[in-house]
Amino acid sequence: MKQVAVEYFALFRERAGCAEEAVQTTATTAVELFKELEHRHGTDDPRGHCKVAINGAMADWDDNIADGDRVLLFPPVAGG
Amino acid sequence: MKQVAVEYFALFRERAGCAEEAVQTTATTAVELFKELEHRHGTDDPRGHCKVAINGAMADWDDNIADGDRVLLFPPVAGG
Amino acid sequence: MSRMVISDVSIDPQGLRADMADVRAGGFVVFEGWVRNHNDGREVQRLEYEVYHPLAISEGERIIAEACAAHGVVDAFAVHREGLLELGDCAVWVGVAARHRDEAFVACREIIDRMKIELPIWKKEHYVDGDSGWVNCERCASHGHTHKHTATS
Amino acid sequence: MSRMVISDVSIDPQGLRADMADVRAGGFVVFEGWVRNHNDGREVQRLEYEVYHPLAISEGERIIAEACAAHGVVDAFAVHREGLLELGDCAVWVGVAARHRDEAFVACREIIDRMKIELPIWKKEHYVDGDSGWVNCERCASHGHTHKHTATS
């Protein structure tokens, strides 16, 4: 069991009802963590349209997460 | 024999030493007139880089010219 | 100095243009995204942009640097708004100065195309009918959000 | 009103931009041609444009109308300078507002590309070394003019 800080943005923040929360997880990768949190952000699969950042840098969904990491979950972007 | 008014622009005007002159010609087409005037504007063949206008409208080099026409000879353009 | 800026006040095209003046440049291309009054058949009243600053700025700088290197431009700069925007407001400004126009057009297009899909920026449309929705979230629509496309472009 | 203007005074990008504001438009693309300090290996000091007004305006209007029709843009406008221009001056301004950015980019590029080769406008470069020459006249070089290309782009 590890603990990570999860930040939600835009639609995800509205659905989760908070901008940030501490999460206890057994997930190994970012995508596993994302799927564990479907009840919070409301989305089953992030690949192809959602993005993730870990500890301040853009990351891949298959990247590992470690105890103490800060994980940012980005719904589909729409700049411009 | 017909008489036409010829206007020179930019490089052609500088070479001819005047902006406009009356020309007596037996030329049937614009390109024939242009070649007759090589000693004025200094260019042997206008096709592909020079343009011509007759009586206020862009024309083709093979268009006919008639007595009293006003013929504008344009060296290669360079807008922008 | 950063070539990617996030602004919570109106964009100033005149000032931005003046900053890019350079006698080595023969071609200057600007793209502006404006808030328009309709999208996907719905009447839009205003927009709201949310931006995650640290990565929007660093990723924006990377996009601009890559476009400058790839196309040999003299300079490029971009500003993106955050917060509430009204109809007609400028949401994004991208300027590219280059020796020739071809590089300027290609680099400007590349920068705005990538900014729209790579930066952590989200857009919420507020409609005249009182509804609202996050743009591009139709694929994470488990909770019924189905709005597509965008009211700027 | 004409969408193609020849101006003997400085171009005003801010005023031109303001005139194109339209809440139906989501994308706005501008091209500006600036007088640069070098061309074809020579140091340029200033430029001189000669314009045959009647056909520059009517042909410019035709180019703009054809681009608007082909690409479905909201509005387009162009201004070209005549007379003497110094380094850094804006020689040509082309603005296109469209619902989406793709149409705006494509139409703006098409208009400036055609303006450069179809309008009766001639450019004389004055060099730092005191020489001068008409641009693009290398093919009618019976009298020794061999200058190529252009100091704007």
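Note that the chains take the letters A, B, C and D in the order they are written out, and that residue 1 is the start of every chain.
In the analysis below, contacts are C-beta pairs under 8 Å (C-beta built on N, C-alpha and C of every residue); 3 or more make two chains touch, one makes a residue touch a chain.
None of these values were measured; they are calculated from a predicted model.
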Graph separation of subunit B and subunit D (steps between touching chains) | 1
Shared touching partners of subunit A and subunit D are C
In whole angstrom, the CA-centroid distance of subunit A from subunit C equals 25
Please compute the C-alpha centroid of subunit B, do the same for subunit C, then give the distance between them in whole Å.
-> 50
Just give me the whole-number Å value for how far the CA centre of subunit A lies from that of subunit B.
-> 72
The positions of subunit B in contact with two or more other chains are 80
Within subunit C, the set of residues that touch 2 or more other chains is 33, 101, 112, 150, 152-153
Full enumeration of touching chain pairs = A-C, B-D, C-D
Interface with subunit D, subunit C side, in the complex: residues 13-14, 17, 21-38, 87-88, 97-102, 104-105, 108-109, 112, 150-153
In their shared complex, at which residues does subunit A touch subunit C?
-> 9-11, 15, 38, 41-44, 46, 48-51, 53, 56-58, 72, 74-80
Within their complex, subunit D touches subunit B through residues 33, 50, 52, 54-55, 59, 80, 91-92, 112, 115-124, 134-137, 139-140, 142-143, 145, 150, 152-153
